[in-house]
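In what comes next, subunit A is part of two complexes: it sits with subunit B in the first one and with subunit C in the second one.
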Partner chain A sequence: MSVRDLKGGKRYWVLSACLVWLVFTLFPLYWVAITSLKSPVDVVGGPTYIPFVDFQPTLKAWKDLFSGARGGFFSTFWASTIVGLSASVIATLVGSMAAYALVRFPFKVRLASGIIFFIVAMGGYLLGSEVFGVNPAMASIVAFCVALALSIFLNRFALPGAVLGNDDIIFWFVSQRLFPPIVVAFALFLLYTEMGKLGFKMTDTYFGLTLAYVAFSLPIVVWLMRDFIAILPVDVEEAALVENVPSWRIFFGIVLPMARPGLIATFVITLAFVWNEFLFALFLTNSKWQTLPILVAGQNSQRGDEWWAISAAALVAIIPMVIIAGLLGRLMRSGLTIGAVK
Partner chain B sequence: MATINIENVTKSFGEVEVIPSLDLQVADGEFVVLVGPSGCGKTTTLRMIAGLETATSGTVSIGSRDVTHLRPGLRNCAMVFQSYALFPHMTVGENITYGMKVRGEDKQKAHAAMKEASRILNLDDYLDRKPAELSGGQRQRVAIGRALVRDPDVFLFDEPLSNLDAKLRIEMRTEIKQLHRRLKSTIVYVTHDQVEAMTMADRVVVMQGGVIEQAADPITLYERPRNLFVASFIGAPSMNMLAGQVAMEDGQPVFVSNNGFRVPAPAHLATAAGEAMVLGIRPEHTGEDSSLGPCIKATVIEMEPLGPHTLLIGKVGDEKFTAQMPASNKSQPDDVVDVYLDRSKLHFFRASDGLALRESA
Partner chain C sequence: MTREDPVKHFFLWPAVLIVLVMAIFPLIYSLANSFMSLRLIPPRPARFVGLENYADLMVDDRFWQVVSTTSFIAFTSVTLQFVIGFAIALSLVKRVPGADFFRVSFLLPMLVAPVAVALVARQILNPTMGPLNQLTSFFGFSNLPFLTETKWALGSLIVVEIWQWTPLVILLLLAGLQSLPEDVYEAAELENASGWQQFWGITFPLMLPMSAAVYFIRVVESFKIIDTVFVMTGGGPGISTETLTLYAYQEGFKKFNLGYTSALSFMFLAVVLIISLVYLAILKPHLEKYK
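Entry: the complex of A and B
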């Protein structure tokens, strides 16, 4: 049944229910917007609702924000933008490649070689750091590389035990997002600090933060893009194969353009994740590469609950995402029409 | 242009054997049509020639090259897919020249080839359109155009007309045939439609269950089907089959139907006396003219006037029987009608293995 089928009074009931819901969702935004225009007196002296009627709007919060009186606003905005964009672009691209491979080629991973990887990586690390007293970061890097090479090599042989397929690999990807991010954030922080001791500065760097976000976003990207790629007609790629088009060109020249709506959707979702991400940014940055969520949260702690300042900062954090989602949403819809040609 | 040589090829998908063993030679410039019911392995065979599937065993050669393990791009085949498989984000022009562009061929040359193909295929007005803005027939022509500009050794078509409506299908049939006459190219064409196969092919390869039942020119296939399957698959409406056995009367072989009628059989069937046999006769070789040959009695179920003649859909005993009667025949359902069989057009198939028994064989 569709709303269009409803007659007379029922229609108005549905309409008013929708309106109530609209007000319900828009009100917080409205509240943030007017609060950012209030003076401290108007905020603490009980609720006021309508500018010029209830209270006299002032741009003080905005002036403070842009003048940098409350933390480097421009550098934070810049950090959020460039880390967000680059992490989303890289994650979408790399994740799409992984998704394509997982859709088109069957993989066989032997459970035994996975276990060997785990044992060698953990054991090697413990051995290196506890017994031989090697620096922990170095020990983990070496153990990881050895374990990876060994397990890939051993995977060629008929080891006993279960053989995992593409669906298991996908599940493994997604499962990385099933446990609380704080676990990862803490581990990453330790790893980055250790790497810092080796001379690779990772905390509070563009590289470190972007890398963390790429890793953090990949599971979702792979999971989303797998479905978008799976619906593409394989004939089209085969037609290109027969034309002697190299694989990388098939991927970039044919698969990606055909998956454009999905790519855009995935990009926007990833960008939203990274843009709003708080925990990693809190752990991995301290000044130079601080992102907007940290700035917004910071408004609270520095000098008490200055809601007008928090509101202005929150709006700045929201608006770019709204614009991007709107623009790309339109692009996405225009892309849907060129999809598969039957 | 080149020959194709498929020798002892088998193909299995995992445990499932789709093609038990296949041998097929295609001559240079020959138009070969693979035909058979859905799922009989036509597409798989075509894809093994193109390199999209690898033969499980055996060899595939194109010209003098053994291409069994060569990747598709290096086989110099052009393939037209059932779904057309156009690149949806490219215009018609880009679709046609994409392969040349990727292979780094000269731009001017690519453009000239594209112009030539679009002229042959009447696509001049659509070069800047996207595939989504084209009709089925136009998309089909773009797919053919994309194959044309390659100047390949072999053209491969996989049911290219099955998504078109009936009228367009007949038009495109003629166009593809003319194209073949002009290019003199080697073509392997797959269809499940026996009319398409008969009308287009130099040679028709009838397949069933991954096995070639018969490979011959259309007329031979029609007049001398090798076995029951080919006989019933080729021709529309299909051949009537009546079960019975061969008996000897006065030293002459006679076919005695399970329904009780008798038809004098050719002399060479004497050796098969006593064997269970199937008599085949095409509807177009029956009639009401008593000079044709032996007579059987058919009960009318329905009359189907087609204009030039009328089909009598009926039964002989409990076996279905279709006869082609002159338009003047006004029989009614439930009438019992004398139907005469053209004695020179009778086919006899041994019931045990379905093979046709013929004088020369």
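Entry: the complex of A and C
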């Protein structure tokens, strides 16, 4: 027992406060669970609390949901699952590679070449679409490629101004989270629409939504994986280097397996983010690839006070993540998330 | 250990490219659009107008109201989240009976989709059929306008935010509290320092840098709020609970006022940056004091 532990009567005050918070935390979840089992009469007649005691539970809402009588629930669930899983897998993999590179190899980026990228991309786009009257999507693609090529090329030369190192690149990744997502979501919606006019359908496609979610998750993946990789012992890698094992095999064969607990935690956190995400899905999908949060939000206006149906729909979005929470809880107890917040 | 190997570019570039294409370029594109007059309905040819959209925004009453509503929701709810979260994290780290059970169950809300939370909140807050109405009726207040009167609606949104995001504060602070050195407390115990003195003399100052970071992260995230408001009040009554993201969505997606919306989202970015800088400036002397 440590000196910081609570002693005497204080323990019971703290315990009762925690119990109050527990009721506050769990009641809404309990409420949505029992409401999905109520019949219309039990909802409209005022609040009822305990199944079999003050109302007779029924599976009607669930049967309606699974029979598809209420619209395409399965296709939405499928869309959410496949987009969530693939975006999390790709983001975790790509982000871990970047994190590994940033932990183990030195990088130098000149601030000036970053600014050149910004100016050339924006100027090129405005010039292309306003002065030469090129289609906006085409103008964007050309401006982007020219700006990127130019700034990479110019980065070789001794440009004046600050030189950014690995920590700055990590900060650049993380700072993406600071930006209000509406800026990017709205611009992506416009860009996707313009791409559609060129013949590449991006809105309401698997590819478009997944790509947006990968980009949206990368900052947090790089941030988390940086810590998980930094605490790995380097001697195994050094031994492999002496044996002349190529770097890519060191990464996939040694580093990734060693970082597995961190990878799992990162994957789970990313999946929860993507699964619950609302804004990008609202802008970038409209029917086929609509995700659960959009469908659930729509219940409100479509169903009015049909709470039994609304609750069942909400639970479909909630339950998978509660299972995930169980997994995360187990990881937490082994103290893994501590490294994540250092 | 750092080493040189050209393969490093192969590791870093996929992530950089994706972020450049999907986050930085849209940002640039949006900034370019914000200098134009661009409307889809009624369709109007794009025209370069310079800072006109920004000038319009500065005198747009609705914009300023939305900024103040969003700030109010963000700062009030995050402050409460922080106070409650700190207290709970402290009791968990001090091994309140059943701490392991609490630790897992307290985390649940942050994993629930905000739209689902909002739907459940609508049911609980229903002024005639909800369980909360039954509780308040018991105390003699029935049919309170939880979602239909400005003050109540703002309060309800804040409570829902607290419900959903206090767990994250608990999770982060708990990790920090667990890593505090034990011997300092043992020394304090020998000096007969009371629990209260130990908190203000040791725990709080040691946790200050981390607390500042957690508070900051939560405020930035809170400013982005849309889903909860979208479902619970739709910004109403009137526009009194409308947040920045919701306003941008209405302008962009309902009115298709593209140039204006782009300018609006950039002003939003500016608001967040200004708040961040002011926050850091206020905090800096305090952080240095405890170094």
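One rule holds for everything that comes next: the second predicted complex is superposed on the first by the 301 of 342 C-alpha atoms of A that agree within 3 Å, B and C clash if a C-alpha of one lies under 4 Å from a C-alpha of the other, contacts with A are read in each partner's own complex, and residues count from 1 in each chain.
One rule holds for everything that comes next: a residue touches a chain if its C-beta (ideal position, glycine included) is under 8 Å from a C-beta of that chain, and two chains touch if they have at least 3 such contacts.
Because the structure is a prediction, the values reported are computed rather than measured.
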When the two structures are overlaid on chain A, which partner does A:212 contact: first (subunit B), second (subunit C), both, or neither? second
Which holds for A:321: it touches subunit B only (first), subunit C only (second), both, or neither? second
Have a look and say if subunit B or subunit C is in touch with more residues of subunit A. C
In the overlaid three-chain picture, which partner chain does A:22 touch, first (subunit B) or second (subunit C), both, or neither? second
Touched partner set for A:245, first subunit B, second subunit C, both or neither: first
According to the stated criteria, A:258 is in contact with first (subunit B), second (subunit C), both, or neither; which is it? first
The shared contact residues of subunit A with subunit B and subunit C are 238, 241, 246, 337-338, 340-341
Complex interface listing, subunit A residues touching subunit B: 233, 235-236, 238-246, 249, 253-254, 257-258, 260, 337-342
What residues on subunit C touch subunit A, complex-wise? 1-5, 7-8, 10-12, 14-16, 18-23, 25-33, 35, 46, 48, 84, 87-88, 91, 93-98, 100, 102-109, 111-124, 129-131, 133-134, 163, 167, 171-172, 175-176, 178-179, 182, 185-186, 189, 195, 210, 220, 223-224, 226-227, 230-231, 244-245, 248-249, 252-253, 258, 261-262, 265-266, 268-269, 272-273, 276
Once bound in the complex, which stretches of subunit B touch subunit A? 50-52, 71-75, 77-79, 81-89, 98-99, 102-103, 130-132, 139, 146, 150, 163
Along subunit A, where are the residues that touch subunit C in the complex? 2-6, 10-11, 14-15, 17-18, 21-22, 24-29, 31-32, 35, 43-44, 46-47, 49, 94-95, 97-98, 100-102, 104-107, 118, 121-122, 125-126, 129-130, 140, 144, 148, 169, 173, 176-184, 186-191, 211-212, 214-216, 218-219, 222, 234, 237-238, 241, 246-248, 251, 272, 275-276, 278-279, 282-283, 292-293, 296-297, 299-300, 305, 307, 310-311, 314-315, 317-318, 321-322, 324-326, 328-329, 332-333, 335, 337-338, 340-341
